[in-house]
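Labels run A, B and C following the written order; every chain starts at residue 1.
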Amino acid sequence: MDASQETPRTPDPPGAVTGTAENDYRGSPRVTRRELITATAATGVALGLGGKVLGVPNVVRGAQAAAIKFGLLEDRSGNFAIYGLNKWHGTQLAIKEINDGWTLRGGPDGPGGPGVVAKVATKPPTMHPVLNRGASTVSRGGAPSEDKVVWDEADDYLVKSGDTGVLGRKIELIAPDPQSDLRQFQSLARRLILQDKVDVIMGGFASAEREALRPIMDQNKMLYWYNNQYEGGVADKYTFCTGALPEQQILPVMEYMIATYGPRMYILAADYNFGQLSAAWTRAMAPILHGQVIGQEFIPLSVTQFSSSIARIQQAKPDWLVMYITGQNHANYYPQANAAGIKIPMGSSINIAQGFEHLRFKPPALARFHVTASYMEEIPTARNRKFVSRWRKMFPNEPYLAMEGHSAYVATHLYAKAVRLAGTTDKDAVIEALESGIGVEAPAGWVFMDPATHHLSNYIRLAHCDEKHNITFLTEWPHIEPWWTRRLGVNLVKHPEFKQYTPDEDPFFKKGTKR
Amino acid sequence: MTERDGRPQQSERLLRTVALTKSFGGIRAIDRLDLGVARGELRCLIGPNGAGKSTLFSLIAGIHRADAGRIFFKGEDITRLPPFRRVLRGICLKFQTTRVYRDLSISQNLLVALALRGPERRDGDTAGRLAWALATFGLDRDGDRPARELPHSHQQWLEICLALATDPDLLLLDEPTAGMTPDETALTADFVRRLNGQGTTILVVEHDMTFVRQIARAVTVLHYGRVIAEGPLAAIEANKDVRRIYLGEQ
Amino acid sequence: MKRRWRALRDALNGPQDLGRSPGFWGVFIAATIGLLLYPASGSSFGLSSLVSFLLYVPMALGLGLLWGYGGILSFGQSAFFGIAGYIYGLVAGNLTGTPAGTIVALVAAIAAAALAASIFGYFLFYGQVSGWIIPLLCLVLTLILATFMGQTAGYQWRVGQVLLGGYNGMTNIPSLRAGAIEFGGTSTALYYLVVVVTLLLYLGLRVFVNSRYGHVLVAVRDDPERTRMLGHNVDFIQVQVFALAAALAGLSGVLYASWGNYMNPSTMDLLAATLPVIWTAVGGRRSLLAVVLSTVALRALADSLAVSGSQYAFLVMGALLLATMLFFPGGIIVSVARAWRRPSRTRPGAREAVEPKGKGEVA
């Protein structure tokens, strides 16, 4: 590890930040005297020079600016605790970096950060013999170009923000535990909005939790982020989503699996919204991708025995299995199928990346599993190695850096950037800033917040799990846009809406609708 | 049906059973039993243990359904009628093992019994008669005492009052003096006679012959689920078969 | 009958519930006034919070009536909460243009809950199902409904323009509205509605349990056969009380939909089915007052545990239930009230000297 630029510098004495927030509801690090003096000095200078030198807008009023209140509603107990804890940690890591003056590289500009790969001339250009100029002229008939990284990854995805916290204000995290209970989500959301008067709320794992929150967010005009993969379709003025979508996960995995293993697919889906809608996407897209759904099953969430499904799969002999099963009960499918000797490859948008089944189950239960993920801990790029080490330094006991922890992390940084752009925490101004087309270098790669749909384009990689449960990445799609709701005419910049679209509202899907 | 001495005409009978039969397991508790009770009668049912006396009561009241045969009350066939409807018609039972609401007070117990709704059962005399009964038994004081604090005899009296509160035409008393002292037995006997004098038809199952002698004019003797003798008390006591089967065991 | 007149006149102070002294009523009135004046000083979050506690009181009262006074333990009151909530959402969502649309929805929802309960109860009670199976059957009902609603995700699962929503639930349900007044989640209007409804319901049920019918109900609980033999149609009475309890649970369901504008199958799942039983058991099912107090207290406790970030919220509730069952089987509030009264009973001549109005045990 390099010394200076390796981790964000922490001016605090040791031990002040690591894992402080395990049981505390307000989890940001305490302000030390050194920070206070720094802040006071910075403020004094800023006031004196009218903010021109530092470029920080003059919103600081007193010796210490009021903190920005950041509300988080992620489950730390109950059914969804393993996902919620991971996202909570991601948020805490991002807030700590922001408060220490770091931000993700990017802004309302294009990609082009560290690690860009481009075609490079193998030999430097020569001068034109006659015109005697032409550093831009390349000799003819020379060696072909090659692919090379033109920008060293020694630079980080994190850069200095030139700010302490955001606009000189630290972010204070207020994170009660909704206990995977929808009514608590509702009550705590109201508490955060009305009592704690937070500036932003992020949270929710299951779509039900998001749908319970949205009416309250809309009623109170509260900026809300949902940082989880889901079935897509939310078009809400006050909601921003950073999780992966069907067009980003289902289509790529289908494309790869059909090309690699064959067109005959058998769908195993959990019998609830996510499973049903994912299956609807699969059925609708199969003809375009030259695939064929030869059978499908919807499995109630309580089922733990899959012998009849396994028998049907063995009879149908598909080229590959489409797996949309979810939850602790359904995870029992993998060891059972393995014991029954099923060796059919599997393609999915949901397991492993989120619930780290490849670590929880003994090999080779998840062998031949392929999933398209917006992030996984095993991504081998140098920048992700840095990200993982920073995370594990702050949370040494984290079982796995799951996909949604990364989504939460990116969302937090994106929010900070938008506030800085807007110059205020006023929610309408921040929403406008978010709609100005911001892209950032996330640990997974470059991501872009689409103004019209309020969803994130994601850097998608196809992960493959082998017999020993090692993960390799077979291919990637560096930039998939959230195009589906745009197809339905959603443009939240021009026409605010507050709903969730379902595939049945898309004429294209109606053709393939068969249960 | 055979005629017996002292029995009223068919048309005046309040209660009539025809070939009533009931078995439990393999044992026939009531065996093709014919019984007739006239309006205004005070009849005792006696017989050895297991003769079927309490079973007969449970069939009349509707707790058990007869396997065969019929029951007529005021000329109506009530064989298939559920128990609560029989109470509304005018039959009320005091159980063999005393059943009052032990956790409720005396006045609450009465409130339950008086809460009947039904045009057939409204009667202006009910209140008066109930008050008299309560006074006779000393239950008109301390209405808020929980019923479980009452001595056993008082609980039995309370149960009789509850039954009275439903304004029955036919009162079925199953061993009303079990466990009572001679004084209490006499008081009960006096009450029963007076109640009958006011017009209530009463059918009593009893083991205690002293009590029977204090109240009975007509007696029916049961044995193995059948009527073996029926008539005035004196005749019954003189009957050789009865003496052998029942009185002889005393 | 002297005793009869006394019971009628002292309907409110009858023996079937706790708290009969002037002191008690003084505290009761003071608390009511406090609740009614709260909006003047409280925050809108405080209002919303209190509403989220109080709106469950009708359901708890219904269960207290059914179980404590009727002797029928229903482990499925959440089924009627959910039925009413969903019907309200469907009707109100389709009648958004109509001025009295939400009121029609409210009536339809409660009627639906009562109807469902009448049908289910007919099979339970006229079918002479054994007492101990009834809680299980009620639980099965609510779980079946929760599972069924959970798989209604597709577009075909809709009534008019309102989607059932499957596991994601039904969102953007309109709040109750009367003319220009909207009973939204943080509104003063909803607060007053819930407080007044709870108050009237409690007092009304108190009179009810002290009435003749209330005593018959208790008699059915204590000895159904004896009650049958006193001329009461026990099966019908049980269905009636079951339907009444369901209607009350449905009222809670509609209030919840108005408060959160959202309805979800998890309102009918195992946890939702168990909570009313816990609230009722911990306070003391045989007293309506105890049920009201423990429901509010336990809801407040659950919320404060969530806020303090405790991961042991479930353990605390479970431990509380266990402790109640072991040490206060009749319920904590009921046991405390009994202990309070006991010293006065042991004084000599106490029975005549102490309050003449119905000092009998809480039945």
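Everything that follows uses one rule, which is that a contact is a pair of C-beta atoms (placed from the backbone, for glycine too) under 8 Å apart; a residue touches a chain by one contact, two chains touch by 3 or more.
The model shown is predicted, which means the values in this text are computed figures rather than measured ones.
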- Closest chain to the protein CA centroid? C
- Give the label of the chain whose average Cα location is farthest from that of subunit B. A
- Message: Between A-C and B-C, which chain pair shares more contacting C-beta pairs?
- Response: A-C
- Note on the structure: subunit A and subunit B have mean C-alpha positions lying a whole-number Å distance apart equal to 82
- Query: Using mean CA coordinates as chain centres, what's the subunit B-subunit C distance in Å?
  - Reply: 43
- Query: Which of the residues in subunit B come into contact with subunit C in the complex?
  - Reply: 61, 63, 82-84, 87-88, 92-93, 95, 99-105, 107-108, 110-116, 118, 121, 127, 130-131, 142-146, 162-163, 165-166
- If you look only at subunit A, which of its residues touch subunit C in the complex? 23-25, 76-78, 81, 175-179, 181-184, 186-188, 190-191, 193-195, 206-208, 210-212, 214-216, 219, 271-274, 276-277, 280, 298, 300-302, 498-500, 502-505, 513, 515
- Query: What residues of subunit C sit close enough to touch subunit B in their complex?
  - Reply: 1, 3-4, 6-7, 15, 212-213, 215-216, 218-219, 222-223, 225-234, 351, 358-361, 363
- Of all residues in subunit C, those that touch subunit A in their complex: 43-46, 48-49, 52, 147, 150-151, 153-156, 163, 165-169, 171-173, 184-186, 259-262, 264, 266-267, 271, 302-303, 306-314
